[in-house]
Each structure stands twice: as C-alpha cells, then as structure tokens.
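The same chain A turns up in both complexes below, where it pairs with chain B and then with chain C.
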Partner chain A sequence: MATAVLTTLDPNSRSAARGMSDLTIRNLFIIPTIVFLIVFNIFPLIYSLGYSFTDFRASSPAAANFVGLQNYRELLNDPFIWSNFAITAKYVIVSVVGQVIVGFGVALLLNRDIPLKGLLTTLLLLPMMLSMAVVGLFWKLLYDPSFGIINYTLGLGSFEWLSNPDMALYAVAITDIWMWSPFVMLLSLAGLSAVPKHLYEAAAIDRAGSFYTFFRITLPLVAPILMIAIIFRTMEAFKTFDLAYILTSQPTTEVISIRLYKMAFQEWQTGRSCALAYIVLIMILAITNIYVKYLNKVKER
Partner chain B sequence: MAAVTTSAERSLNKLAIVGVLIVTMIFLAPIYWIASTAFKPRNLATTIPPTVVFQPEISPFVKLFTKRSQLRTAPTPEQYAAAPWWERLVFDGGEKVVRSGRGEVQWSGYPSRFMNSLIVAITSTILAVGMGTFTAYGFSRFKIKGEQDLLFFILSTRMLPPVVVAIPMFLMYRVVGLNDTHWGLIILYTAFNLSFSVWLMKGFMDEIPKEYEEAALVDGYTRMEAFFKIVLPEAATGIAATAVFCFITAWNEYAFALIMTNRRAQTAPPFIPSQVGSGLPDWTVIAAGTFLFLLPVAIFTFLLRNHLLRGMSFGAIRK
Partner chain C sequence: MRKTMTSMLAGIGLVLACGTSVYAQDKELTIFWAEWDPANYLQELVNLYEAESGVKVTVETTPWSDFQTKAFTEFNAKGSAYDMVVGDSQWIGAASEAGHYVDLTDFFNKHNLKEVMAPATVKYYAEYPSNSGKYWSIPAEGDAVGWSYRKDWFEDPKEMEAFKAKYGYDLGVPKDWKQLRDIAEFFHRPDEKRYGVAIYTDNSYDALVMGVENAIFSFGGELGDYATYKVDGIINSEQNVKALEAYKELYSFTPPGWAKSFFIEDNQAITENLAAMSMNYFAFFPALINEASNPNAKATGFFANPPGPNGDQFAALGGQGISVISYSQNQEEAMKFLEWFIKDETQKKWAELGGYTASAKVLESPEFQNATPYNKAFYETMFKVKDFWATPEYAELLIQMNQRVYPYITGNQGTAKEVLDSLAADWNATFKKYNRVK
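After this line comes the complex of A and B, so read on.
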C-alpha cells in the first residue's frame, strides 16, 4: 500500500502510464527552439565563416575563390578598420559614461519621497522603448543648426552638430544617452530600493556623513546591478548602427557596424565583410560571456 | 528611503522633487516636439523662434496617407468647392492629391508600411512567445544536461549584431527567395525574440510553484493536461508581458528591415527615414508618421510599467 501511494505521487511514472512521458515532453518542448536557433542563427554563421575565406562578391556572378586567411590578414592590417574600431570605442565610452552619470543620478533623485513617483518613472522610461531609428531621425530636426530647438534653447546660434565632423559623434552619443539613461536609471532604482534601510539608520546613529554613507553603503550594494547595466549598455553601444547611420554620414561617425554594412551591402565585398563580421562576433561573444556571469551572480543573491 | 525627518532632509527632498521634474521635462521634450509638430501647419514647423502655441491641424496626417504633387496653378474656386474637406487641407498647403485616371485617390507608401510592420511584428511575436513558453517550461521543470550552457547559447544568439547575422541571411534568402518577403523578416524576428522569450518566460515559470502541477498529476492529469490547464493560466501575465516586449522589439527593429526589405515587405522604420530625401523635408508629415508609429509603443509602455525592470534585465532582476 505504501509503495502504491509513492508511485502515485511520483509524477514521472504517473504521466508515463497515461499520456507522454516527461522525457518526451521535455524534448518536445525544448528541441524545436534549439533547432530553430541553430538553423537560423548558427547555420548562417557557419555559412559566412566559409565565405570569410573567399573573395566572394554577392554582386558579381563570378564564383568564390578560396583565399585562405587573406581577408583576416588584410583587415587586421588595415588602419581604416582600426580607426573604425577607435571611433566605436570612443562612442562606447562617451555614451555609456553619460548614461551611467545621468541614469544613476536621476535614480538617486527618484529614490526619495517624490509625489507621483510611479508616473514620473514611467514617463522617464519612455525614450528607451521607442524605435531608435524613427525617433533618431527626428533628432535631425532638433539638431538643425538654423531652426532646431536645441540651439534655440541653449542659445547656441547656428552651431553645427551633425554636419560638424568633430561634433557629430558626440551628437549621436547625446541622443543615445537620452534614449538609454532610462535603462541605467531603471536598474539603479532596483538596486537602490534593495539596500536595507537599517544600514542607513545605523549610519545615521553613527553620525556618518552623507559622503561616507554613499560610498560605503549605497554604491557597494548597488554596484552589481549597476555593473549589469554597464556591461549590457557597452555591448549595445558596441553594436550600434541605427542612430549613427540615420543621423549623420560623417566619416568620423563610421562605427564598426556601419563599416560592416557598407562593406557588405554597398561595396559588395561579401567575403571580406564575412571576415570582419567574425572579428566583431568574437568581441561580442567575449562581452556576452562576462555579462551572463554577472547576470547569474546577481540572480543568486 | 528613510522617512523625512530633519528640516535639512526636507529641503533636500524638495530639491530632489524640482530636479526630477526638470529632468522629466527635458526627457519628454523631444517626444513632445514630435507630437506637436505632427499637428502643425507646414510653415510653423521650422520657425525661429520655435512655434509652441498654434492652432492644431490634421493636415499632416492627410498628407501622410496620400500621394501628393506640387500645385502649379491654384485650384479654381469650383475645384476647391468640389473637393472634400481633407483635400482642401492639401490645397491649402500648396499641393494637390494625386488621383488616378478614374479619380481614385492615390495612397502614399505609409499605410502599406504600417501594415507590414503590424503583420511582421504580430506574427513573429506569436511564434517567439509560443515556442519560448514551451521551452521555458522545459528548462524550468526538467533536469537538462548542460542547462547553463544551453541557456547561454540561447542568450548569445540574441546578442549577435544584426548586421553580422544579416550578411549570411541575405545570401541564403536570395537563394530561397525570401528577400523582401514578410516571412523573411518574421523568421529573423522570431529567432531574435525567441531567446529573449525563453529567458523571460523561464523566470515566470520558476515562480509558479511546482506543487500546483504535482497536485494535478496526483489527481490523474497527464503532464500535458497539467501544463495546459494549470501552468498556462498561471503564467498568463508573464506571457502577456513577454509578448508585449517581443512586439515592441520587432516593431522598432531597423537594421534587418533595412537590409532584407525594400518595397513589398518594407516596414515603417526603414521607410520613415527614406522620406527625408534631398531638399527640404516636410517635417510635419514625418512627425505625423512618427507619431502614429510611436503611439502603440507608448501605450504598451504604460501597460507594461510594472514589468519593465524584469523585461529589460532578461528576467534577472525581479524586484
């Protein structure tokens, strides 16, 4: 009798008796997704790995010739490609630092007794939900030197933003900061609200200064979540394409994704672009790896 | 935070309120400017100083939906009187609505792009959330060898830069004839959202107590019945939130759409910028197109407000 009850309670044998076994269900639920991702993400990458060793041009009927590592060698020795990477790095630094300062700053302000906090927070989060390409386009009007509201509001006269080679990258980064500071703010708010109140109370009893409280209590406890925000934004800024492509066509804003796009779909250097795609891919996977490690770390807390 | 006690704290708090209000105004200014430009007559869109107070007009939306051409000569009073109210708005702007030989109004490219966006975003959302829900349940409830590695693999597909994936996909689509088709984009967006949907749904599934299904299994349900009758209803909120996130991602996507479509299946994000050609663009029409395009996302953001944190952190942070 006792064994009979146990078998009834054991979900595996029970469902095995009637209907599909758990093993079948597990496979049925998981395998299609894995197969879908392999077919539409991994297989194309293998396909392009093959092309990266050729001089294939998708615009010409000529067959691809195997050229070995020539594409990679040439790309890694090409000073123009390195300057694209340097532009990308500059963009990543400016935009992520800006987002962290603005996002974390606003989160600190919001982490007080603010009336209508929920509504204000949602309104502040709106920019990051919108299409970068479509809203980014409209920033062209905002940045317009003669009738843009930015120059008018700041009293900058007819200051050139997007058509100025020295300024264009910063202009794109400012738009990116506008769009994505809310993301850093959102995550920072979660981190701030998780700081136990008794720590602040203890600090107040000890007459700790606000400076001390911030650097010894707030920052260390928010750091892991802030780190997630920073890594994620770094990854996204590294991949950036939409904003810079739509807002300007300056050589000084040609980030690596734009170079890759032009190489593949305007110059039709398909084989070479596949090789460049692989170089970018390896960098992205390295950052993703760090990101996931942090995600799991925060999850375990 | 801690209750406001001292007067210093209280004035600091007042300062924070003022700060938050200023920041909110700055952050919403571009969105406000889009919305207000969408209702301006063309000559007020690019004035110095910027026009803030004006009589709102619907003409940008009429122009957004119709094909127009410059008026060479002003319409005769009879023509003007015979025209419907919306056509007069176009006349007032110095343009005329293009009509076919039989007098039918010619549509602009916008409505079909908007429809394409809807078709692609909705279909890919259904596929990604459908598959993602099953897979998330599998990961949540069953032992899987190398689970962490598989989950990393799934997430990493999401992190690939669109242009990197687009190059081989473009070549493959060319072979099978999927370039510039709805299905071509739907497949790409499904793949892109699938990983997100698995990660997010796994978080929601993990929160549903296992005991619910186990009780059902004891009552004689099969695992499948328990999944459909017990787990899915419990996961409804999570499924809805995931679906909205997937929809927004697909709706907003630009790079794939730019590369994979050019006319028939083109969605709104690559279409709207293509209207800013050479010469002076009509910003009121662009604003109207942008406004309509952003509206669903703005509404969804409010509906999603309690799930934003979770969604944006791939389910890692749940509050």
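After this line comes the complex of A and C, so read on.
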C-alpha cells in the first residue's frame, strides 16, 4: 500500500522536475509534523514529568528542589482534590449520559424521510459550532434568577440555577448537553443511516416489535460509532474548564481542571500542578482504555 | 523558488529595519493595569505627560479576573512587554522576592515619599517586608471598601416610621454592624423584588475575602500576626467567629443569585433598584453619581464601613502602587515618568480626573474632600484600613480562605468556628511548607 502511494509521483510534476525523490517528499511532509509534536507535545510532557517531582515555582527565581513523591503523596491525601475528582466524575456521568440520550434520541427522530431534513440537521448542529465562552455567557443570562428566560418560561419564579450549590453542577451539565448533543446526534445519524434496510424488512416480516428491533438490530449496529462519540465526549467532559469557569464559581462546580488552573497559574505551585496534571492524565488514559477495550468487543460481535 | 525566497527575506528584513528605526525614534512606555474606570482616568493623565515630554505612554488593561495571572505570566517569562505595572497590594511580596520589581527605596527616600503619601498607602502598597524600609512601588490608586445606600428609601417617612416602630431607633446611616444588619433585614422584601443589602461573594479572586475582612477587622479581629506568621488563636478568634456569622447573616438579605458578585453586581444593586445598601470599593463610586450610569444618582448616598460591637472601625484595603518592572528596557524613562507622577500638581490633576490619589496633601485639602459626596468618607477610611497577607504565597492563602469560607457563607456548610479552625490549620500548614514557622 505504502509503495503504491510512493510510486504515484507523476514524472511530469514539478516535484519530479525539481529532482526530488519520493523519500524527500515523504520527509518533507513528515519531519515538520514530527518536529512539531516533539517540541510542543512530547518534550513538555517529559519535562513536566520531571517538574512533578520537584517543588519548582515558576514565579520564583529559586532553584527547584527534588522532593520525590511528596507532591503525589500530598495531592492524593488532600480531601479537596478528592472532592474535585468526585465533582468531575459526577459531571462526566450526568453530562455524557444526557448527551447520549438527547443526541441519540434526536438522531432516531431524524433518521426517517421528513421534509427539510437537511436544514433541520444543520440548524441542530449550530450549538456545537459556537465558542464555549460565548455559550457560557449566554447561558449565564438565560439562567439569571431575576430576568432569565428559563425561569420565565418554566414559571420557576426566582429559582437560583447557578447560586444554588446543589443545582449549579447540573446547570453546567445542562448547558454542556445542549452544546454537545448535536455531536452525538451527528455520529449516531451516520451510524443509523448505515444500518442495512433489509434487516428491518426481515424483522418486519418476522413481526418483531419495535423494542425488539431497536435493541437487537439498531443499537448493536450503531454501538461502535456511538462508543466513539462517548469516548470523545468523556475525554472532553473530564477536562472541561470554560463552561464551569464562566457560569459559576461554586465549590460544587470546581472540576479538576479548574483546581489545576488555580494551582498552576494563581498559586504558581508549578511542581505540584505538574503532578496533578499527571494524575489527571493517567485517569483519562485508564478510562479511555476501558472504553477502547469495550469498543473492540462491540466491534467483534 | 529561489527568487521568491530572496524577495521574502528582503521583505522580512525591510519590516524589521522599519520596526527598529521607529522604535529608536519614539520612546514609548506601557503601563499594565486591570480593566476598570481608574485605568481610563490614568490614560487621560498620561496623555498630559505625552504632551509635555513627547513620550507616549499607553495604559494596557485586562479584566480583573485575569490580571494576576497575566501579570505574573509575563513577569515569570521575564518579558519586557510592560515597563510598569499598577499591581495589587498583596503582590508586593511575591514580586519583590522574585526580583520582578525594581527596588525603589532610593527614589522613595530621595523624594521623601514616606511623608508625601498617606501612611496606610506607604505601609501596604510600597513597603515589603513590613517595617523594613524597603520600597517597591509608588502609591498610585488609593482604595478601600465603603458603602453606598438609597437615600430615597432611607428618607421615606413611611419607612422611617415603620423602622422606628420595629427596631426602636431612627432609620439612618448605620452607626455599627448591628444597625447595618437591622436595616438590611428591614428592607429585605423579596415579594416586592427589593432586597436588603449587596455584598461581595465572588470567590474567584479576592472579592469574598475582602468582604469578610470588613467584618473581621471591624469586629476587632485580625487575620494573623504578619510579623511572626502566627495564625492559630487569631484567625479563629471569638471576634472572627462573630464577624463571619454576621457576614453570613448579611448574605441572607441579598438579592437572589448573589453567590458570584463583585463590583459590577454590587453597583447594579443600586442602579437597578435591587438593594437598600451596597458594599463596594470607592473606585467604583464615580459611576454611581453619574446620571448616565445610575438613574438613581441623586438618591444615592455613601458611608464608611461602620464600627463593630466594640467600636473598632476598619475597612479592607484595595488599591495599588505603581512599580517598575525589572525586565523593562525603558527603566530610565520609567523613572522619569515616576518623577513626574509624584509631583503635587500631577497628583492634584489625578484626583480631578477621578483617580484616588494617595498624596496626603491632596487628600487633606478641602477642595478634594468637597469634590464628591464620597471623598470625605474616602479620606476618613484611608486612615483606618487593613490588608490581606502580602507574603509571596498569598495566592495559596487566598484560595484556602475561599475554599473554607465560601461554602459556609453561601451554602450553609459547617459552623463559623469549624470553618475558621480549619482555615487556621490550612494556613499553618502553608506557612510550615515555606518555612515561615517551625
């Protein structure tokens, strides 16, 4: 396959005329990418791993001292950090489950011949094209207890969405669901439209009920692509920052990335925040791995 | 290809050459500050300097929530984007110990600024460590927390009668925190969409802590011993427990959704007819006497933070000093600017434009005190101010205080005593970590 690509250099092309070999062209494309990755991703990743074992503070000219596992030990013993993780987990579950239900539901509704289907789909995709900060600012107005349109429409009086510590996280999750359900919808729609029609026809001939059809035909066939949507959304929800930061400052919405931001750029505890970033990275990798394993299993079926 | 390359290089070279020559011709200074009205007044002031000296000075701003992060990111990178910064009072420890600020002690002594500027501003904006005689900033914008109130609500005969019947004394500007609480309770009428009081609650930087400090200092409490770093028995003292309880009670008389409010929301409470009284920095009061920004301008009055139960009267300090950044390439030019800035006539002009001068002479002048309805309260407050910790690890202390106090004030979690005991333990651990205490 690779050789097939490499041999397709047109002898009349400008590159060929300039005497560049296939190898040169390949390097020309690959090397900058690799250099970019090393300089901006891999190098900082390794460098920050080193920092995570020190008491380095970027705000101070003092040299960094090696402190071993102290940062990790203290972070994992800090009840505030654990509460940040618990908040993040709750947020991920509420937000991703909500997005899958809404997104998949809308995809099911759209997966039929209806007038203006294309226009409807495009309009439904608009929320995820907006900037997170803009969405946050808009929803802050919508949730406002005095003049917000949500309380007005639902007749909730002056219900405090964002100031109520028990409600604030759900309010952020609702905003996230509104913004990202279209993403799940889009992927689900792609999956749904790939389900062969003849399977439904066969099921209809066997007089299978709609529940049976959904759970035995639709869901298993859409599952792999739905899993991909879930992986993406879980990773994103785990590192969510903007929405929660803009909408509210309740301690009950202080997800782990907000705590990390404060530790790194307000307190300037650079070493310790590197350690926390590594703990978060390991968690995301673990969760993603579980998903990927499950995805492979689903694909095998 | 080679031709294109050559012409591109030539182009880049030309741009660089032009850039350098422009740079060489015009000296420019950049002052970094937060985005608020005083920064606009400062821009107006420095325009006069440009007219006099030909040196263009730009005041660059960023929102308050980013100010600390952005400034320190630039300092840590040893960036020369800013020549001077009007930095927050609590930064002075972090910025001076890390070598970000130029030592201004000689400049300070040469111009006898210890006498020229109001004593509180010298102590909190300029000197670090405390009583060391080392100075890092020139007090630029004096500021403290004060209160605005709705004169028309207070002076309504029906309200006055009902108030007297309920509380047994005349309705008026609160003479202590007890009266402040009573008045807040009296005007708190959610059915009429009128509420008692607007206070600071935002926990993303120092708003909530400043609000709580007003109660703590006036109840006779302290945050700790700034010289020995002792906190146990001080931050969790009996006065502080009472002060925190009083602040929490005030929160119950705030408008709905008041859990993330700072200066914008607190001024809105007055302009939008939401609250009878509102806590805010004096720096935000010019907007309240301006009819374009406050439809109730004529009916808005002001008072200084009232005393606590034992008669102690203090207010949380705001405000900033102007410092020269060590990495600036125009330090000489910046010092020349400061020479101009501390002149009496410049300070007078600064006050006229709306800036809160720290110059004692201008502050004491009847001209200044009668210029606005709140200048007198400002003058009085500036001699009764206290501030947060200014140690390099102040940001950690601030976040710890937010983490402990915020859930108690807005979310009914724990008791004031538990909260302050935990905070004492947190602070103690932090001071141990930095070897300030054994």
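As a convention for this text, the second predicted complex is superposed on the first by the 266 of 301 C-alpha atoms of A that agree within 3 Å, B and C clash if a C-alpha of one lies under 4 Å from a C-alpha of the other, contacts with A are read in each partner's own complex, and residues count from 1 in each chain.
Note that a contact is a pair of C-beta atoms (placed from the backbone, for glycine too) under 8 Å apart; a residue touches a chain by one contact, two chains touch by 3 or more.
From a predicted model like this one, the values you see are computed outputs, not experimental measurements.
**Student:** By the touch definition at the top of the document, which applies to A:Thr122: first (chain B), second (chain C), both, or neither?
**Tutor:** first
**Student:** Report for A:Thr248: first if it touches chain B alone, second if chain C alone, otherwise both or neither.
**Tutor:** A:Thr248 sits against chain C, while chain B stays out of touch.
**Student:** By residue count, which of the two partners contacts chain A more extensively, chain B or chain C?
**Tutor:** B
**Student:** Going by the contact rule set out at the top, does A:Leu75 touch chain B (first), chain C (second), both, or neither?
**Tutor:** neither
**Student:** Pick one for A:Ser146: touches chain B only (first), chain C only (second), both, or neither.
**Tutor:** In the superposition, A:Ser146 touches chain B and chain C alike.
**Student:** State whether A:Trp268 touches chain B only (first), chain C only (second), both chains, or neither.
**Tutor:** second
**Student:** State whether A:Ala58 touches chain B only (first), chain C only (second), both chains, or neither.
**Tutor:** both
**Student:** Counting only touches as set out at the top, which of chain B and chain C does A:Lys299 meet: first, second, both, neither?
**Tutor:** A:Lys299 contacts chain B only, not chain C.
**Student:** May I ask you to decide whether A:Met132 touches chain B, chain C, both, or neither, giving the answer as first, second, both or neither?
**Tutor:** first
**Student:** Go through the superposed model and pick first if A:Val100 touches only chain B, second if only chain C, both, or neither.
**Tutor:** After superposition on chain A, A:Val100 lies in contact with neither partner.
**Student:** Which positions of chain A sit in both the chain B and the chain C interface?
**Tutor:** Touching chain B and chain C on chain A: residues 58, 144, 146, 265.
**Student:** Across the complex, what residues on chain B touch chain A?
**Tutor:** Going through chain B, the ones touching chain A are 1-2, 4, 12-13, 16-17, 19-21, 23-24, 27-31, 33-34, 37, 46-50, 131-132, 134-135, 137-139, 142, 144, 148, 150, 152-157, 159-172, 174, 187-188, 190-191, 194-195, 198, 213-214, 217-218, 220, 222-225, 227, 248, 251-255, 259, 268-270, 272-273, 276, 283, 286-287, 290, 293-294, 297-298, 300-302, 305, 308-309, 312-314, 316-317, 319.
**Student:** Which residues of chain C touch chain A in their complex?
**Tutor:** Interface residues on the chain C side: 68-69, 72-73, 75-76, 94, 97-99, 190, 193, 202-204, 255-260, 274, 392-393, 395-396, 399, 403, 406-407, 410-411.
**Student:** Any idea which chain A residues touch chain C in the complex?
**Tutor:** Its residues touching chain C are 58-61, 80, 144-146, 158, 160, 162-163, 165, 248-252, 262, 265-269.
**Student:** Within their complex, state which residues of chain A touch chain B.
**Tutor:** 8-9, 11, 14-15, 18-20, 22, 25-26, 28-30, 32-34, 36-37, 40-42, 44-45, 47-48, 51, 58, 106, 109-115, 118, 120-135, 137-142, 144, 146-147, 149, 152, 178, 182-183, 186-187, 189-190, 193, 197, 200-201, 204, 225, 228, 235, 239, 241-242, 246, 257, 260-261, 264-265, 270, 273-274, 277, 280-281, 284-285, 287-289, 291-292, 295-296, 298-299
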